[in-house]
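Both complexes below contain chain A, partnered by chain B and then by chain C.
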Partner chain A sequence: MMFAKRINKGNSGYFFIAPFFIVFLLFGLYPILYSFYLSLTNWDGLNDPEFIGLANYARAVIDPLFLQSLFNTFFIWIVSVVPQLTISLVLAVILTNKFLKGKDFFRAVYFFPNIVTAASLGLLVSLMFDWQTGSVNQLLMSIGIVDNPFDWKNNALFMQMLVSAILFFQYFGYSMLIYIAGLQGISPEYAEAARVDGASRVQIFFKITVPLLKPIILFQVITSLIGGVQIFDQPYMLTAGSGAPDHATLTSVMYLYRTAFEQGRFGYGATIAFCLFLVIVTLSIVSYLVSRNRSKIS
Partner chain B sequence: MNKQTVSVNKGNVSIEHRKKKRAQASLYLVLGLLAAICLFPFYLMIMYSTHTNADITSTFLFLPGNHLLENLSRMVENVNIFRGFMNSFIIAGGSTALTLYFGGMTAYGFSKFKFKYNTVLFLFMLATMMIPAQLALIGSYRWLGMIGLLDSHAAIILPAAANTFAVFFIKQFLDGSVPDDVLESARIDGAGELKIFHRIILPMIVPALAAIGIFTFIGAWNNFISPLVLLFSEEKYPLPVMVAMIQGYYDTDYGLMYLGVAMSVLPIIIVFSIFSKRIMGSVAIGAVKG
Partner chain C sequence: MKKGAVCALVGALSLSLFVGCSNEDPKDEITIWSFTDEGEYAVEAFLEENPNVKVNFQYIPSSQYETKLRSALSTGIRAPDVFALEAEYVRKFIDHPSLESLTGAPYYADELVEDHYDYIQGIEKDFEGDVRTVAYQGTTGGFYFRRDLAEEYLGTDDPKEVSAMIETWDDVFSIGEKIYEESGGEVRMLPNWNSIGQVQDAIVKEPWVVDNELVIDQAKHDALDLVDQAIETNSLAMLEDWSPGWSSSMQQGSILFYPGPSWYLKFVLQSNAPDTTGQWGLASGPSAFSGGGTFYSVYSGSENKELAWDFVKYYGFDVDFLEGLAVEEQYYTSNRVANEGVADEITSDFLAGQNFFEFFNEESEKVNAVVRTSFDGDINSIFNELLGSYARGNFSSKDAFWERFKRDVKIYFPELTVE
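Up next is the complex of A and B:
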């Protein structure tokens, strides 16, 4: 009772949000700032970090393996995200059609791969595409498409595409659900009015649905960018941590992991993390500006 | 003349009708095919976990075999998979409990109290959602080592008390469906602030907690990189890390690996088949209301 009387409403507000911010400072913000400090040092994980200024950053911008990992990450991301965002939009439009039966079933099945453990899925695909024992080669051979097993894992481009395909597989259902939620927020009167004026379904899709969904599309691009830059679990398990062949599936976070936790170059690992962050921020701003300029024109 | 045009029209209608039917059938075919692609790998995974290594390496398998128990007993000999289950439950359960309790508390603070910097702090919190988790990884590694939390489940569970997405989600719910009058009358009756939160607010936000709880549980169950980096003792590994270990050590025992993958995914399949509507609903709410 005394407690309730002594504190006014304002102070109890702070009281309720305090635990969150204490934990956030201890396990969120402080480690981030500390990572930044470590990115300016040489730290082997055992001895004390030695301050070296921006030397790690100077090294990162000319490190061929880091640059390749950045290229791999974005290549894999773009190859997966473009079909992901277009096909899921089409599916969302189809699965909000009131005449279609079994909508809930299809939505659930398409979303399902999204919640499956990414690391396990990576290993599963790795097993399926194994040269000698994989089910894919055995299926192809048993129905007579190929005579000899194909060595998928030695083909750099194929392996990059395979990672993209896993990401597509895991995320198209998620994008679809977000588009569906967005579509349900659009009044059906717009499409109705256009239909009365004689617009075709395709015209309605491109001239009405897509422009009205623009904020949702931007949201999807930016969130998938942040997620895409962090790709780790699937390629790591797919290639048993190697990024094979020829570093083609070595993503930036895999390179970070390898540099810091396998080779003990923690300072440089932290630098890689911050370089990645800079790339994300830049690209998020660019995609925001691009979408704003476009809507100004139209 | 008149009759003829009528019959021609009728013909047109039925052709159009047939065309529409055919279009619809092919639409269902495409949707069905896509659904099959989504489920097929998991079907294969379960089938392959019931076969011997020799069967798996020699031919394509579509039907179940009868070596599941054999594979399972070999797995139990090699890795402590039940320990992995328990670790995953401890990590996912602990993270979920912290996320719900402190997420509810923080959301309540932001939603129902008009203190200074309320909006600023809330926006600051939302902005942190843009920061990728890897940014803190190496700093955490040293910092957790300094305070003695490295190689402990607490290192992975504790940060869940600051789950920004949960706060955002629960606050939306509180703003929309818990009226301020309820709080006023409880205060007049002399209830303390914490008591109001525990006895009145928590029961009222159960639907939001349930949705975010399932989500947090799945996310924590699937987390791979933090336990991989922050845990060293095998007996503390959760399932995904244990599966990675199986790949490293027993990479020629395919039955074992398929079974490991299946066991790490099975709880997720069960959770999803029970709560699929709720899970999908909360994806949509969380994404669009912002």
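Up next is the complex of A and C:
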């Protein structure tokens, strides 16, 4: 109470916080509102936008390619996020073991793929899995597993898994670091007490470590889901923008890019963008509600 | 005191703006936007002849170019005086009022384009027949071939004799089958399905869309049959365009023919297979075709239209300049007069001394002039993507192919009638 009296409640504080709000209004809120307006129009980016109401939204909800792109996006995300969160948790537990030597080295090595840009990884994997000259086929042929090169990029499921694998490779080190931070926040006394009571390492992991890490796991799932909805670079580079084969790796943002920037249909592109924005906002609200409920319980 | 200082500062700034404007005559300066740096050669030559002029040539990477150009032309903010357009999307821009009509006074480009090949004129004119964009590049195609392979499997490396051997697709595929068998599968006739697709695309009678309705030309139907035939005869190497395997095959010599436009010689073959000088020839295939091309337009809102037009006119119609471009850069131009003027003196060491200008001059007159629509580039992309999938055996029948094609066109362009 005494402290509050000493705070200067003059208006000059607004001056210091104004830059953030001005930048946010100009580069955050205004583009969101303008893209909503565009989503209600038919606009080629050259002539004046033509207002068409909710027609683009009516089109989007029955557009088989948009729906397929949403399915692809979530499928690729799920296939990548499950091993990503599992393996990174196991690695984090191992790398927080106080008796392990060279922990810092391994932490750096596992984090390394996160530094490489997504586009570079996409291109690298694309070259590795090239039908005739890819190193993977060359290797398989040289050790006699296959006689003829296999057309990897013509297999829909394989390509989806490959995109997931790139995402896994790129982000498991990052997830591991978040887990390590979480694990370091858990008091070692719980584990020591359990060990005194005769609990095995596996029991300690599943009965103590995992439950205490739940908020971190939830955070990881929600943030990776928000990032996952925006998958673009990896499948784009892997398939030279085509989403091959048969649109199997066409993610929603790739579809948005193709519609707006390749075909110059900015109105419908904005509709797709806004639909994705709504998905992300919904997920963020869910995350907020879940974390609020959790704090109430605690 | 404070007020006085502010007034003085504002006054000084205004004065500097005023002085800044008055020092330069805007008529002597233009800004050019392009997605290719080839224009720098023309700018240098243009400046030599016009030393008092200032040209701001801005190269913008292709990935950002179209979007940037759209926003500049629609708002008029910092719009260039002259801008390049690529053949694939030129139809999306050509009818827009921001492209100055160059027909009639004071430009009379409609008279000048008579020197350009018919297929190029088809792209240079809008739907009313007014010239709105000008080409400098001739993009006529031909069948580039490896002379060593031709000698071995066809018994000759003479371009004329080779041309006579591949006058029809049946000829192409029967040779394809022969070389596949004789080489034990090591050598193929063509790199992939696009070799067929691009030639077929040049012989359509109508564009993809007529009166807002999707039209599938017979040449497109035939493309599927030809791909079937090519696969049956093992004529295709199935190396995707621009893939590492495709690039390295040129050096290795595992493919006999590479159908491609004039710019293939310098930008594809010479750059991918620099050690094969003298091992190439250029022949005429089953049909004449063209591929790609860069065009320049004048911005109708420009304050320097006169100078902007001077540059476009120089690049597209100045015979002396174009002859210099052809000789110095071995660059095939859009202009008949220039190409014919230097045809005798231009031979390529890479093509074993073949006079390729003579070849292209003959071939250019045969290229079909189809007026395309704004939809054609995108619908062609859909078709080509599916054609690749078809070649890889992903469709159970041709009907399934066309069903998927129509579905995709309908999804992307709901305003079109698709029967």
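Annotations
In the analysis below, the second predicted complex is superposed on the first by the 268 of 298 C-alpha atoms of A that agree within 3 Å, B and C clash if a C-alpha of one lies under 4 Å from a C-alpha of the other, contacts with A are read in each partner's own complex, and residues count from 1 in each chain.
Throughout what follows, contacts are C-beta pairs under 8 Å (C-beta built on N, C-alpha and C of every residue); 3 or more make two chains touch, one makes a residue touch a chain.
The model shown is predicted, which means the values in this text are computed figures rather than measured ones.
Considering which of chain B and chain C touches more of chain A, the answer is B.
With both structures placed on the common chain, the touch criterion links A:F261 to chain B and to chain C.
Of the two partner chains, chain C is the only one that A:L65 touches; chain B does not reach it. Within the superposed three-chain model, A:S242 lies in touch with chain C and out of touch with chain B [touch as defined at top]. Of the two partner chains placed around the shared chain by superposition, chain B is the only one that A:I216 touches, whereas chain C remains out of contact. In the superposition on chain A, contact of A:N154 is made with chain C only, not with chain B. Residue contacts after overlaying the shared chain place A:I178 against chain B, while chain C stays out of touching range.
Contacts of A:Q132 after superposition: both chain B and chain C are touched.
Shared contact residues of chain A with chain B and chain C: 127, 132-133, 240, 261. Taken in their complex, chain A has these residues touching chain C: 44-47, 59, 63-65, 127, 130-133, 151, 154, 240, 242, 244-246, 259, 261-265.
Across the interface of their complex, chain B is touched by residues 1, 3-4, 7, 9-17, 19-21, 23-24, 27-38, 43, 91, 94, 100, 102, 104-113, 115-121, 123-128, 132-133, 135, 138-139, 141-142, 169, 173-174, 177-178, 180-182, 185, 216, 219, 226, 229-230, 232-233, 236-237, 240, 253, 256-257, 260-261, 266, 269-270, 273-274, 276-277, 280-281, 284 of chain A.
Taken together, the chain B residues at the contact with chain A in this complex read 27, 31, 34-35, 37-39, 41-42, 44-45, 48, 56-57, 59-61, 102-103, 105-106, 108-110, 112-116, 118, 121, 125, 128, 130-143, 158-159, 161-162, 167, 187, 190-194, 197, 218, 221-222, 224-225, 228-229, 239-241, 243-244, 247-248, 251, 254, 257-258, 260-261, 264-265, 268-269, 271-272, 276-277, 279-280, 283-285, 287-288, 290.
Contact residues on chain C toward chain A in their complex (touch as defined above): 66-67, 70-71, 73-74, 89, 92-93, 96, 98, 237-240, 242-245, 248, 378, 381, 385, 388-389, 392, 394, 407-408, 411-412, 414.
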